[in-house]
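Dumping the structure here so I can ask a few things about it.
Going in written order, the chains are labelled A, B, C and D, and every chain counts its residues from 1.
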Amino acid sequence: MSATRLIDCLVTTDALADVFSDASVLQAMLDFEASLARAEAGAGIIPARAAEIIGSSARADDFDAGAIARAARDSASPAIPLVAALTDRVHAADKTAAPFVHWGATSQDVVDTALVILLKRAKPILAADHARLASALRSQSEAHASTVMLGRTLLQPAVPITFGLKAATWFSVAEGAWRRLARACDDAMIVQFGGASGTLAALGEQGPDVGRALAEDLGLAPSLPWHTDRGRLAAVVTTCGMYTAALGKIARDVALLMQPEIGELAEPGGGSSAMPHKRNPAGCAIALAAAARLPGIVGGFLTGMVQEHERAVGGWQAEWSAVADAVQATGSAVAAMAAAIEGLQVFPDRMRANVEAMGGADLAERATLVQRAGSGGHAGRLEDSLGSAEAIRRKLLFSRAGDNA
Amino acid sequence: MSATRLIDCLVTTDALADVFSDASVLQAMLDFEASLARAEAGAGIIPARAAEIIGSSARADDFDAGAIARAARDSASPAIPLVAALTDRVHAADKTAAPFVHWGATSQDVVDTALVILLKRAKPILAADHARLASALRSQSEAHASTVMLGRTLLQPAVPITFGLKAATWFSVAEGAWRRLARACDDAMIVQFGGASGTLAALGEQGPDVGRALAEDLGLAPSLPWHTDRGRLAAVVTTCGMYTAALGKIARDVALLMQPEIGELAEPGGGSSAMPHKRNPAGCAIALAAAARLPGIVGGFLTGMVQEHERAVGGWQAEWSAVADAVQATGSAVAAMAAAIEGLQVFPDRMRANVEAMGGADLAERATLVQRAGSGGHAGRLEDSLGSAEAIRRKLLFSRAGDNA
Amino acid sequence: MSATRLIDCLVTTDALADVFSDASVLQAMLDFEASLARAEAGAGIIPARAAEIIGSSARADDFDAGAIARAARDSASPAIPLVAALTDRVHAADKTAAPFVHWGATSQDVVDTALVILLKRAKPILAADHARLASALRSQSEAHASTVMLGRTLLQPAVPITFGLKAATWFSVAEGAWRRLARACDDAMIVQFGGASGTLAALGEQGPDVGRALAEDLGLAPSLPWHTDRGRLAAVVTTCGMYTAALGKIARDVALLMQPEIGELAEPGGGSSAMPHKRNPAGCAIALAAAARLPGIVGGFLTGMVQEHERAVGGWQAEWSAVADAVQATGSAVAAMAAAIEGLQVFPDRMRANVEAMGGADLAERATLVQRAGSGGHAGRLEDSLGSAEAIRRKLLFSRAGDNA
Amino acid sequence: MSATRLIDCLVTTDALADVFSDASVLQAMLDFEASLARAEAGAGIIPARAAEIIGSSARADDFDAGAIARAARDSASPAIPLVAALTDRVHAADKTAAPFVHWGATSQDVVDTALVILLKRAKPILAADHARLASALRSQSEAHASTVMLGRTLLQPAVPITFGLKAATWFSVAEGAWRRLARACDDAMIVQFGGASGTLAALGEQGPDVGRALAEDLGLAPSLPWHTDRGRLAAVVTTCGMYTAALGKIARDVALLMQPEIGELAEPGGGSSAMPHKRNPAGCAIALAAAARLPGIVGGFLTGMVQEHERAVGGWQAEWSAVADAVQATGSAVAAMAAAIEGLQVFPDRMRANVEAMGGADLAERATLVQRAGSGGHAGRLEDSLGSAEAIRRKLLFSRAGDNA
């Protein structure tokens, strides 16, 4: 069964919809509780037997996600009914263990950490698609290092470039943005654990040790509590916005070059023998839809960061859906563009013809300037005038893409 | 089983999650196809037998929503795999009927009309909760027509008002915004039907008649095609934003007045005998989360309205999720605030005490002005100075709330 | 001297920059104070002599806008230093008149009313440019009622339409959005007058009469106070967003059709004999820049509507710049598109050639359907197949444009 | 004379309005042209005499900003009329020098580099105010290391904390966000220089050397062209959004604690002997207004990043105002909060009284847990239970603030 809802079919992928599915979200919250109990048992704070029972009770299959979702509205938090339901299950197994569920933690600890766990599951999915995209862009750039095409500014012809340079620029834009996003994700792989006060006061001097053990058990980094410091999550969401915008830039370029009157590129798929360049830019449409969706999610997240005191009323509660939406739309965009570029058809003859139709070599920048300075001279072959400068530029774009991040 | 996903537990309700569930979305698209076939059979354009078979094949239960969602990514449209799947089912029943599926329509016709059908299902859910909220606000206002409390500007004490006036202002803000939203929904209850050209060229002179019959069959109004004229949908989304902001204003006020040091209001639920005013403003948090979510959705929708030619690449594809998100968050907010205001506890003694602590009758505006003009005089009882002006104002707020819409 | 700042050269016009210039903003606030004094003198509340002196002192040239702007930061309101400066001037003329400056009003009364006065000055500027645009679109549509061109979906060729229909659709999109905006502006032409309490308590029973006289003096409509009911202003800002999106849609279409490989349109200006279709879409760029700017302004305004109690801390203070930015960017867009469409060059031969290159009459919708149903037949001339349906549609688009508003 | 416009009085400061004033913007563009000429003369590409004349002609005072702003609309770029005006002045001085103005550059080179020059002027202004804020927060935190106050979640009392910890958290939130912003600004201090093609083709093999010399002359770093790679600018704008949100969080907390019923803090200024805690949170209002403004600007910038080909139509043209607005609103917020925190009055007695009113030591987390586990025991003094955990936490917040960036 697919995890993607039909209404969201263009703004997620099955793999990411699965990450944010009920079973996955439930398990992430339960993993926090189980790890917490183990860490506290290890420190001698709660009985080892309690930790065992909590751990064996923390299986998503045994919980009713719908009931928890409904009950969450009473407290504006899914953690409270989740902890209650877990406590019930533990109590049924061994009532002496029940008081030790969620010991010393606050509801935001479980909700925030669960979100981080979901991000950790999502990141490799995005990374794999980005790697496909980056690799495909590099291949296209190398294959077309000498393929001359029009540069275009304000949708009007400018001096010629090579398609190799254009693809290298796409690579650089996407790679730089991806490095920002990947770094933001890695920075956000931290546990949330502060207790009600943000000082772990309930655990006395053992607080920091328990925090470290908890983080290790979950495969996350320890951290000072960040209940109202949403900077790292904000970095994830804003870099999703920047990365999706980068993909949107590529998608718009491809869709424009697929116009049959231009006919320089085609997405894989469809097409007909009669009109070989007639293909819908479906992947581009998906990426552009994501690029239209992200700015608002980013804006909403930033709005919500103005949080009251030690836990917000409203701003924090808006975050779960915002992060889930941002990550899924981003993943939908990169999956679409990876497939589009991998299968991209390039028509060098049309590129050349479009350059010639606009004036050919006379368009070249050097020719224009030479003329302006009144020194006469002749323009020469386009390939020659472009060749060396472009080759250097292309190389630099690949080697320095990270510098822009 | 609940339709609400856990990750979205604070930004939708079960009733609205059900409207945007796979079964509901599928059926809305299939209803379009069935009605279209009936309308065209009625006009003699397709065989009556074909319409019958299409109608009896258009049952959501027989389709695989997940497969359609996945296939939608190939064409950037859920309509194309839906029509293909329906055609297959019709073909299995009677292969001569299959060519008449979706006759003369374009994929945007089915997608847009389905969205309108979903809006039509959603509106009464919102309306019922709004009616509860409006009624509760009116009751609170009447019950507290003479309950004096502090007016507050920039979170500092200003001249006293009555809680009756405050509740009347809330009513007026919410009612005005609701009327805008309700009108926008009603205006948007139109069929989309233009065919590939937007001129129904395939149906010749019968196009408009078929359009009218189709609309009637679906319980919608006929309309000129609006493939790239998204004004009516934009009005729905922007008024959702305005209405949710209005609810957010009420929610923020209530949450502020629930602070125990102020202690003038309490949401129903929780509480303890030791601290009667200690209740979490859970309903307010949900409404405020929606108010943080909507502005970005509105912004994204407006961004997407810059559509290319006769159907956009990206802007249109972003709309389905945006409208679904907007309506669900709006409905989540009004459901939360209706419950919060219906069960709202008001503490007139605390209101009075807070006024007295700030200086009592000397705070009154008239007293201040009288003093400024140096004419001496005495302030008198607060109730007296507030009484008549407030009563008039309250009455006007109820009678003219619609005027602001 | 130009009122436009260089940094804002593409997001305003001289005429609108002048509306929001220091002199204009100052005078709008002073007009409120002068009118208020006259209205109160008329009701016998303040001395007639005081009103005269206040009126003659309320001249923008005599005030230091910069000093007021700086001082505004101390109170988070420009009204407080403005009233202080006016009181000083009145005091210098007649110290007995000074206490009657701003009598019974609150600082939000002057700030909000001043904003409305500025909107009232801005609206006819926008209206004049919209009228030029609408008229130009109608002329283009009529001149090209039979000019066949490609319909295009997802930037790929679809069934042919006429340029007359396309221009009529542009007209309908823009006209519908304009009607919404014009109505929202008209609805917002209301005075703000509530005093500190929002009940005009200081004026006793004369409050409503003074409010009416004040409104009349300013050429505005009277209103219940709307200190925290920002619905009407929100409608102005959101409809600016919708209208600018409509202009952006036209601008994107024009810019796309100006691509030399398509070559169907050209903005006036520039160009060369060698490449007649080579013109930069400068007007389109300006409209599209506005369309990129507005969604965020709208989102920010909606965010700010979640206002605390009787006057917000933050949300209200963000409004002045937001409304000024929204109106100026909108006016910049419509001025640009009015000029672009008035001088638009249309190249019917290229339109025809692009249709033929994609398959000509065989593209027509009817031909495709006829073929699908296996009934053979022949497509006929494109003009004939488009003629009647398009003519009807065009007529309806012009007659019903308002219906979409 | 003040550079601040009255309409923008709450969203900029005089110092920043001056950075984005006509004179400053003009000079930034002219500096690019003068430096370019010097760099090219140094490389022997243009005559030394031409560079001298260009340099001596590039004085902002000699240009008419208004005329350039108006003319910018014809080409959707301020660079084109600026270069034309400079060429005129150079021609008047020595007509042989005129052809060498702007040699090898494209209009986006001058516009983008000018924006970077303005950012470079703005950053130290922001940095100085941030340093004041950070220092004031640290002082407050140290002075109140043992001042017990209520923790508050969802605006309801939670376990007690110290004001020292709260101020340390504010420091950490602001410092982390500032480091992100400062780094993004530093990364963006790069010259834009690519010529029409982005390959400096006009300069042949000397392109990179000229680029380096130009950058050095301007005090910027050299860079590959970034005409359509807006990642670094996007990072500036998004981190402005994150930093302003951090300031908004502090501002909201302060405004809430200034409510007289709570009365724990007061901004400096105003106040009265009768009501010592009655002060308007004017600085907070300004910071919150900025926090309401930024998310939309960020969203708009991200939207504009979906740029077409080698220079966008619309997206790029929207950037100048967006960046100027973002930086000014950010600077307005930090200036306001620096002043607010420097002069912040803290009322430890009220903090203590509010804790006691809610139950005092019994509120403490450890007490609650001890009770839940049924082990009895006694809560002890609040200071003791908070002391050590808080002290450790505070120290870490100061030492690790950068880690969150």
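Going forward, a contact is a pair of C-beta atoms (placed from the backbone, for glycine too) under 8 Å apart; a residue touches a chain by one contact, two chains touch by 3 or more.
Fair warning: this is a prediction, and the values are worked out from it, not measured in the lab.
Engineer: Where chain A and chain D touch, do the two copies share over half of their residue numbers, giving same, or under half, giving different?
Structural biologist: Homomeric contact, same residues on both sides for the most part.
Engineer: Farthest from chain A by Cα centre, which chain is it? Let me know.
Structural biologist: Of all the other chains, the one whose centre lies farthest from chain A is C.
Engineer: Rounded to the nearest whole Å, what is the centre-to-centre distance of chain A and chain D, using the mean of the C-alpha atoms as each centre?
Structural biologist: 25
Engineer: Using CA atom averages as chain centres, what separation in Å is found between chain A and chain B?
Structural biologist: Chain A and chain B have C-alpha centres separated by 29 Å.
Engineer: Quick one: report the Å distance separating chain B from chain D, using the average Cα coordinate of each chain.
Structural biologist: 36
Engineer: For chain D, jot down the residues that touch at least 2 other chains.
Structural biologist: Where chain D meets two or more other chains at a single residue, that happens at 76, 154-155, 248, 251-252, 255-256, 280-282, 285, 288, 291-292, 295-296, 298-300, 303, 313.
Engineer: If you connect every pair of chains that touch, what shape comes out? Choose line, ring, star, complete or other.
Structural biologist: complete
Engineer: Which residues of chain B touch chain C in their complex?
Structural biologist: 76, 99-100, 103-104, 151-155, 158-161, 165, 169, 172-173, 176-177, 180, 195-202, 204-205, 207-208, 224, 226, 228-232, 234-235, 238, 241-242, 245-246, 248-249, 251-253, 256, 288, 291-292, 294-296, 298-300, 302-303, 305-313, 364-366, 368-369, 372-374, 385-386, 388-390, 392-393, 396-397, 400, 404-405
Engineer: If you look only at chain C, which of its residues touch chain A in the complex?
Structural biologist: Residue positions touching the partner: 154-157, 255-256, 258-262, 274-275, 278-282, 285, 295-296, 299, 303, 354, 357-359.
Engineer: Taking the complex as given, what residues does chain C use to touch chain D?
Structural biologist: These residues of chain C touch chain D: 1-2, 4-11, 13-14, 20-22, 25-26, 65-70, 72-76, 78, 248, 251-252, 255, 269, 280-293, 295-300, 303-304, 313-315, 317-318, 320-322, 324-325, 336.
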